[in-house]
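Each of the two complexes below includes subunit A, the first together with subunit B, the second together with subunit C.
This part shows the complex of A and B:
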């Protein structure tokens, strides 16, 4: 059975009496250890799909399951939530909004360990330091607050936090959008290495076709709340795409290819 | 011709309990009515350079410069009131965190029309039409809904475009755009760049385009400054990026993945401590 299973998913937000149909019936399954990419227009519902898988968006119809189960209901702290958090972590698109403004980096990274009763003080310290190092931040960042970090440093803290509990499923929403090429390469290499070592499963959103192609086995293209095309890496390499929109994305990413 | 902006030996430092952080360490450049790209490593001081020019660095951050002048006027000695007046009209910055720079409890429509109503004394209807037109220009699909939405109801890329629209409405002379297209797919990005390009050509806008996307900057900008650890380590014409000399700049291009490229680990940079001297 697929690890991530989305079937007939619809997400409708109610905004001042108006219904915003963010996701309009999508089907998608991701196998264990697979890395699956989502690309598409801005506003097409990519983040909403990831949020639905975490129980952070209202599912109006259909289902969004991980391990055959729906995410725990929002706002309840129970043992199921803890089990879910250990298995599934998300890196949010907005690193600023997802880091508590009055918690230091140290607290952001050690809290998950504390909540789950993992390791003593020494062990937590060691893991926090290692996690920072993994994302290219030295120890001087450990006691900073989010507003004392640059955009890309914040994004790296968000990635590090998601990895603290060693989850087996990672939902990654534009995880390197604020990083320059050199740091992006380091973070992508880290994610790939962990996937290999721990058999992780990724569902990853990026507007950068080259990043998706590098990281993912298959990808889906979204437009206005729907999936318009699913491709594997090989089809992409051959340029075997059906939709004009996908072709435009592909052409643009090739035109953008670095000048060597 | 007199430059629009003159920056000489700009420094930004923070004294924190953990020690002094020198975010910007002596940056100098001038800007005409052109597209100047600033690229550089995460944490190299790009955002702080932009904020310092607009005098938006919060305490305990301290900004010093030998010269910081806009249109011949010294910005460092300008009283805060004068600075605020400039920021509302002639200087603008698209923030890197658009959704958190917008007012969370005010609708997009009100934020977009406020200045038009107060500063330009437009009627409610006229201000609204201007705002909707600007949202359409940045490719927002349903501008009427977005006018009534709060920032948290927008997607990442929509928030970015709302912020761009808001900064373009007062028709500034100098725009600092901090990673303005980092959440946009290439088709929308191309449209936003087309608008900015038009403003530089037709209205003589001076644009500082901060981005980590080197190939994009190479195509879009006239000149590029490369920052590393708080300094400008290289300054060159965008068309000469291929002939970059600094090892950081040269190394960057090799780190990029490409569609159909090899699957193994991406090349990374070997940073030399000497680069930060």
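This part shows the complex of A and C:
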């Protein structure tokens, strides 16, 4: 059975009496250890799919299952689901908004361990140091505040946080789009390396074909809340694209690709 | 000595602190530095410190027993030998009464600070974080309390519970919390949809941990600023209750009560009401100035960090 299974997923937001259908019935399945990409322009509903999968957006119809389990409804009283947290984690788009401004790196990384009762004080210290090392930050970063870090360093901390509970699935919401090009490559390489080392399953959202091509085995193209086309990497490389929309997106991204 | 201070400074401002405490102290030090750059706030801080020190060392500073009457010297003007601020209608030394009055004022201030903002913060963050029905119920409750005129509600409480300084404080606290709930809710709403709160929810943190450990610290700076700005009002309401005879009871040297008793002599013996009035004025001003300065230091939006 597939690790991530989405069937007939619809997400409807109620905004001032008006219903906004962000996701309009999509089907998708991702196998264990696969790296799957969702591509589309902004507003196509790709990030909403990720958020629905982990409980940050409402599942209005259909199913969004990870390992056969529905996401908890987050932010309500008594909605915490620790087992889910240890299976699925997310890396957010904006590294400037995804770290608590008043907490040190140390607290950001050690609090999940504390909440889940993993290890004593010394064991937590050890794991925080190991996690920093894993994402290529030395121990001097441990007691810094987010405002003392660059965008790339923050995103490394965010990746380290997502991996603290050793999840098997990582949801990546445009993890590099807020970073400049050289840092972008570093973070992508870091993610690829960690996936290989830990056997992670990635579901990655991006508007950038180059990023998806670099990271993913398969991809789905989304437009206005629907999946237009599912491709694998070879098909993309051969340009074996059926839909005009995909072709247009591809052409647009190639026009901006750096000259090699 | 100077090399020791220099090494302390390097330790505090280190870019890569080696422990939680060093990181926290470093942040506190930076906040202190920005407070130092604001002379008006420092003046406010000095006044508040003066109030605290006066309250602590009242027995040393007072020249007379604040309750000792000397009818032979009643209503002596300022500058009288032995009573440099004069005496009141019972011949009690005004300077000593003012000094001891600092204790009463500080007692009121501390009790209100320990209750109203804490309660308001809890209500406001809970309403903002959970939203929905919880929000509606809690905020309508807040609105109801907010709709009462503060002094009138305090009066009603005191009338029901009986006059006295403890009941006055309770009444003030009961009427002072709604603005804190409002402020805390507004701050919570700006924070609750942020990615870091989402990340914490995803990590399986409970609502209690997120609200107390992650949302409240972010609301705290606005609440602290609000407290210092409110303090003047709280002191004035306490004085007002004292003035109306519903707060502190005679012969307790409370500033509002002192003004009330001086009212009868205002035209001929102006100093009886003026001395405690000046004390209220200076302390209120001090809290206001400190509040303005703290807003600059604590408000994350105005600061560069």
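Note that in this section the second predicted complex is superposed on the first by the 230 of 260 C-alpha atoms of A that agree within 3 Å, B and C clash if a C-alpha of one lies under 4 Å from a C-alpha of the other, contacts with A are read in each partner's own complex, and residues count from 1 in each chain.
By definition in this document, a residue touches a chain if its C-beta (ideal position, glycine included) is under 8 Å from a C-beta of that chain, and two chains touch if they have at least 3 such contacts.
Just so it is clear, the model here is predicted, and its values are computed rather than measured.
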Go through the superposed model and pick first if A:140 touches only subunit B, second if only subunit C, both, or neither.
-> both
Could you tell me if A:148 is touching subunit B, subunit C, both of them or neither one (first, second, both, neither)?
-> both
Would you sort A:90 into first (subunit B), second (subunit C), both or neither based on which partner it touches?
-> second
Most subunit A residues touched (candidates subunit B, subunit C) = B
Subunit B versus subunit C as contact partner of A:104, first or second or both or neither = second
Figure out whether A:177 sits in contact with subunit B (first) or subunit C (second), or with both, or with neither.
-> first
Where on subunit A do the contacts with subunit B and the contacts with subunit C coincide?
-> 93-94, 97, 140, 143-144, 148
Given the complex with subunit A, which residues does subunit C contribute to the contact?
-> 15-20, 22-23, 27, 129-130, 134, 192, 194-196, 198-207, 209, 214, 217-218, 300, 305
The answer for subunit A against subunit B in the complex is residues 13, 15-16, 18, 20, 39-43, 46-47, 93-94, 96-97, 140, 143-144, 148-153, 156, 174, 177-186, 188-189, 192-193, 207, 209-211, 213-214, 224, 236-237, 245, 248-250, 252-254, 256-260
If you look only at subunit A, which of its residues touch subunit C in the complex?
-> 54-56, 74-82, 84-86, 88-90, 92-94, 97-104, 106-107, 111-112, 115-116, 140-141, 143-145, 147-148, 158, 161-162, 164-165
Of all residues in subunit B, those that touch subunit A in their complex | 14, 16-19, 21, 39-43, 47, 96-97, 99-100, 140-141, 145, 148-149, 153, 155-158, 160-161, 179, 182-188, 190, 212, 214-216, 218-219, 241-242, 248, 251-261, 263, 265-269
